[in-house]
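The next part holds the structures, each set out as structure tokens.
Consider the two complexes below, in which chain A is the common component and chain B and chain C are the respective partners.
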Partner chain A sequence: MAKHYEMWEKLGLDLEKHDQFLNPVPELFTEIFIKQDNRPEGMDYYDFVVGDIHGVRVKELVAEKDKGNPVISSFCAFVPDELIIAAGGASIGLCAGAQFPIPRAELELPNDICPLIKSSVGFKLERVCPYFEVSDFVVGETTCDGKKKAWEFLNEHISTYVMELPNTKSASGHQLWQSEIERFKLEIEERSGRKITTEKLAEAIKLVNKKRSVLERLYNTRKANPAPISGRDTLLITQLAFFDDPARFIEKTEKLCEELEARIANKQGVVNSEAPRILIAGTPMPLPSWKLHSIIESNGGVVVCEETCTGTRYFESKVAENGQNLAEQLVNLSERAMNINCACFTPNEARVDDILRLANEYNVDGVIYYNLQFCQTYNMEYNKVADALKKADIPVTQIESDFSENDSGQLNTRIQAFLEML
Partner chain B sequence: MYSLGIDIGSVATKAVLFDGDIVDRVILPTGWSPRQAGKDAVIELLKKNGINQVNKIVVTGYGRIAVDFADKVVTEITCHGKGAYVLNNKVRTIIDIGGQDSKGININKHGKVIDFIMNDKCAAGTGKFLEVTINSLGEDITEIDELTRKAVAEKINSMCTVFAESEVVSLLAQGADKANIIMGIIDSIAARTVSLLNKINITDEVLFTGGLANSSQITNQLTKVLQKKVKTDTNSQFAGAIGAAIIGWEELQ
Partner chain C sequence: MAKHYEMWEKLGLDLEKHDQFLNPVPELFTEIFIKQDNRPEGMDYYDFVVGDIHGVRVKELVAEKDKGNPVISSFCAFVPDELIIAAGGASIGLCAGAQFPIPRAELELPNDICPLIKSSVGFKLERVCPYFEVSDFVVGETTCDGKKKAWEFLNEHISTYVMELPNTKSASGHQLWQSEIERFKLEIEERSGRKITTEKLAEAIKLVNKKRSVLERLYNTRKANPAPISGRDTLLITQLAFFDDPARFIEKTEKLCEELEARIANKQGVVNSEAPRILIAGTPMPLPSWKLHSIIESNGGVVVCEETCTGTRYFESKVAENGQNLAEQLVNLSERAMNINCACFTPNEARVDDILRLANEYNVDGVIYYNLQFCQTYNMEYNKVADALKKADIPVTQIESDFSENDSGQLNTRIQAFLEML
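Let's look at the complex of A and B:
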């Protein structure tokens, strides 16, 4: 992995800790990704991005900043990238899927909270994430109690702007999110000194929709049996979608989709058609959280879809492109988010329908319901989802985990047994 | 033609020789090397029965990944399901408590696993819990039925093995009767197991497998808390190995 000490130092990273964090990545990546059989050639690009994960893209962002363009980071699929891009800026989804910075975060935060929150805060405290350091500010959202409180704490270390997400999809909920989108637009304009125009926003909406569409096209290829691409490769691509340059990402992913579609035409799969097909439903798996996919696939299963924020919830809902003026465009932006069926809403019946639909569309043999430890909302929705799946005769099991390797032995047995059951 | 099933648990290694019926079985302590224990079990079974080779070896249990001579590796969940079904084909729910984990398994009328639940990363309610607490009383795990024949349970509050151990010691210091403390430990295991089982369906006949099924007191206590007859079998501890042997046998057919 290339070293960019000069740039990292300028950004204020803790070089020694940063090395400790990054040094094991290539070996892990080789083990989980490179050693797979039958990998599509188009994965080269994503391998290259991971191979220089804190280099090439960070360099681009530093250059953007030098040009006076805003760099704004966030953690959630609800945050409208379009507004940031329309202001000529870059929108970055921060990594929060590593165990490494968690012990540091636990010095300041309680142990028994969501590992994603601990990881993201820990990345800032340890100064091992260049994306954090290159950001002008961070955008948080009120998706859960843990995050709400974490933003107060994070704001002491980096300017953190909070968007208030409604708890329901009621008319007043829609109105609230609309006003939050407007407020966010003004905030970006004020902080960047840029004006967001109808033309620029229309372009940005088109661009981000295109990114969502290419991810959808990629996911559609997994509906084929045998699946032309492994679950972990697709997860990796989705993870990288959060911070890669959108135009380049679209181009590379389109190319990969062409390859995969050709594979399907030749009935060529990454595994054979007997491999149990798994849908994962639940909480996000930000970089570099690959544990669950890796266990499922090393035991002979293949993950064909993720109903998660690093999966269908990220791209299924799109922004209507018919807005004629800013007011209409902002409403359209707001409506996209309100169409996402996240457990932060009550009620959230449509999520059950989503999971049943996806299980059907992707022709899955079983569902692994995954939630991060201490994630109350997703954990509590399990029973409802499980009942619906059982009624439809689709086997399901629940896995609660974090980013550590503590439970990999136990998970291995449980997942292996689940696959044997299918 | 023979198949051989080995269940390498954290405490005991069980092996079963099968030719369409159970030919013979052995059990040995796993010790520090699961791989050696698996090997020893094979050698002993072959020697005892005067055979040179078997046609299929299927390995299960926590030590299954440690051996290099398995034709097939299957999880203990599938194997216990299969084994229990062969011991009693009316069984639809299996409680398996071994050295370091406890499980509830549902099987259908063909003996296929349809649902299961397993304890989390903690030893509460497992053989380890029993072993640690009983040892702190200076007693042996094999004697618990005898010792608790007339006992009235002392309440053990802690589910955590480490805390329960110190709780046991302080109960002793307060003058509590040893037998009653042991009964309390048994109650605690049953309560923990039943709370785990609440997450699956408890239907039709319930069979108790794994090492702890050797204790009639634990079995009775499970029956009491579950309010449903929990059965055992003389081969309960071998259910995993039997299941493994059968999976091997089926592949030979």
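Let's look at the complex of A and C:
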């Protein structure tokens, strides 16, 4: 793990705590990722990115800031990166998947809220995330009760702008979101002093769509049996998609896809074709949350798809590229959110259809419904999803967890039993 | 407890379970309410209503339905009763404060969601609430994650119409709520076949405002020291305000207020003037949730105000009566919600001001912040409220609870200690 103390100090990180946080990562990463058999060569790039996760990319962002370009961070697939990029800025998905800063957050927030929220707030309070420190401001959204109230608290520590996502996809709900997209555009322009033009926005829409398309291409390779890439490697790539420079990420991932497609042509898999194929459905797994994938795959299963915000919900819905002027482009941007089937919406019947479709497309043997503790919206959708899967004769089990290792033994036993049953 | 088996059977109640639910109520009610010393005479009426809680009022609603008038139920102070009344209908706040039906609900819903939601869903599943059964439909709202997803489930058992409350009070949020008010008006008209006219709506607005005003008058009497009425009696009256015929409720409560004002003139209290005066701030206490008041007052304290949905948030915000036509009246109705400082909104700074103002107006010695388990929005506002109270030198403690008696012993110890400290 490369050290960049000078830059980190300038950014205001707590160097001692930051070392405590980063030091165990290489060993963990080696154990979970590097030791895998038969990894695609193209994973080298992502291994390098993780190996310098708080270095090279942060350096790039500092350089962008020095040029006067905005750096804007967020936590949710609904936030339109395109507007940030069109203003010449960088859009970063913030750290939120580690146990390390949670005890600090629990001094300020209730224990019984989602670990993702506690983790993200904790990263700021502990000053161990350079992406937070390099951000001009962060963008929250009203996707759930916990986040909605967490932004009020976070705003006391870093400027936090909140986008109001509606609770329904009704005409009025959509109208509200459209006005929120317009308001966000003005906010970026005002804060950055940069004008968002039709041309710049058209380019940004194409770029971000291309990033989504390459992820889709990557996911499509997992439909093959045997799967040419492990679930944990794909998860890692999706997690890094939130951080990396989009153009470079597209290039590197396209190269990887070529390798994977060649593997498929040669019927070469990362596991054998008997490995139980698992779809994970539910809540997101932000970097560095690798526990569930690691347990499933070390027990002989292979994760072939994630119906999560760090999976299909991140890339399946694209922005129409036919906007001829800013007004049309903003409408197109707003429509993307209306095509994402997040449990924050009511009703959300189409999510059940998504899961059945993905289970079929990826030819899965079973579904693990993953729920971050205290995430009420996804938890409450479980029964409906489970009923539909049972009707379709697809085995399903629910796993509720957090980012700690406390439940690893118990999860291992449960997942082992589930895989044996398939 | 009067029995109305014939009517209950016709409504489809589970008679055996319903008896199990109602049978313990008289003893509990006697213990908590009837045995109080020095009660106002005017409490006779409310005692009578509780004594026949599933009888006389249900009979009235059945008669309304027989006349073709709609009976529409809801769970939240945001739902505009005025529109229901203007259509010649009755608006009922549903049962949601009992432990009894929760184990049944937990077979279908996660355990770790708010007991109010589990209770209300359980009442329907167990068929022990005649108000559910007499309702043409129920009205939910998107005030929190748990409720939002619960309506999807409840709708499988009784027609459930959902109003989308925004997450903010921004112009766009207000616009959304205004369109939801309009949509609700059309829904009532379509379902009931009744037209809502300007005249009828003006009458309904006046009537419901009058109900709110009489509750305000009742609350004002509690500002006196010694308080002329106990906290639990006032809580009971507010709880019944959700069920009772509004005109009759106004008449009876006005009469009670006269008695209480005479008491104040005579410096006559229900307790002595040394009793610690408590403000409860937080989540609602629907019928028959009396635990916290009962513990506080049996330990020598007196609850003088509730900053809850079964307290000041229910009546403080009124509807402007100056609407000259339906369009204006609907705008006025929508504005009421924007003046309620519920934790479902972000930001919600004005709630802190409300609590400081009430603590001052009611001259309280301490604040108990009451949080229903797993209610994330109110739980996450605690620290902000506590900081403001501490700055104002007002002692505060947080109590998290549910509708069971499991924690009564522990609560008793904690509350005793808090009262002794004041």
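By definition in this document, the second predicted complex is superposed on the first by the 422 of 422 C-alpha atoms of A that agree within 3 Å, B and C clash if a C-alpha of one lies under 4 Å from a C-alpha of the other, contacts with A are read in each partner's own complex, and residues count from 1 in each chain.
The rule we apply is simple: a residue touches a chain if its C-beta (ideal position, glycine included) is under 8 Å from a C-beta of that chain, and two chains touch if they have at least 3 such contacts.
Since we're looking at a predicted model, the values are computed, not measured.
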Three-chain arrangement built on chain A, chain B and chain C clash or fit: fit
Degrees between the directions from chain A toward chain B and toward chain C, using C-alpha centres, nearest 10: 70
Which superposed partner A:Ile92 touches (first chain B, second chain C, both, neither): neither
Chain B versus chain C as contact partner of A:Ile113, first or second or both or neither: second
A:Ile237 touches, of chain B and chain C: first, second, both or neither? neither
Residue contacts with chain A in the superposition, chain B compared against chain C: C
Contacts of A:Met421 with chain B and chain C, given as first, second, both or neither: first
Partner chain in contact with A:Gln410 - chain B first, chain C second, else both or neither: first
First (chain B), second (chain C), both or neither touched by A:Val50: neither
Touched partner set for A:Ala388, first chain B, second chain C, both or neither: neither
Three-chain overlay, closest Cα atoms of chain B and chain C, distance in Å: 6
For the chain C and chain A complex, residues of the former touching the latter: 108-110, 112-113, 142, 144-146, 148-153, 162, 164-168, 170, 172-173, 175-176, 179-180, 183, 343-344, 346-348, 374, 376-377, 379-384
Touching residues on chain A, where the partner in the complex is chain B: 395, 397, 400, 406-407, 409-410, 413-414, 416-417, 420-421
Chain A-touching residues of chain B, taken from the complex the two chains share: 62, 74-78, 101, 112-116, 118, 120-121
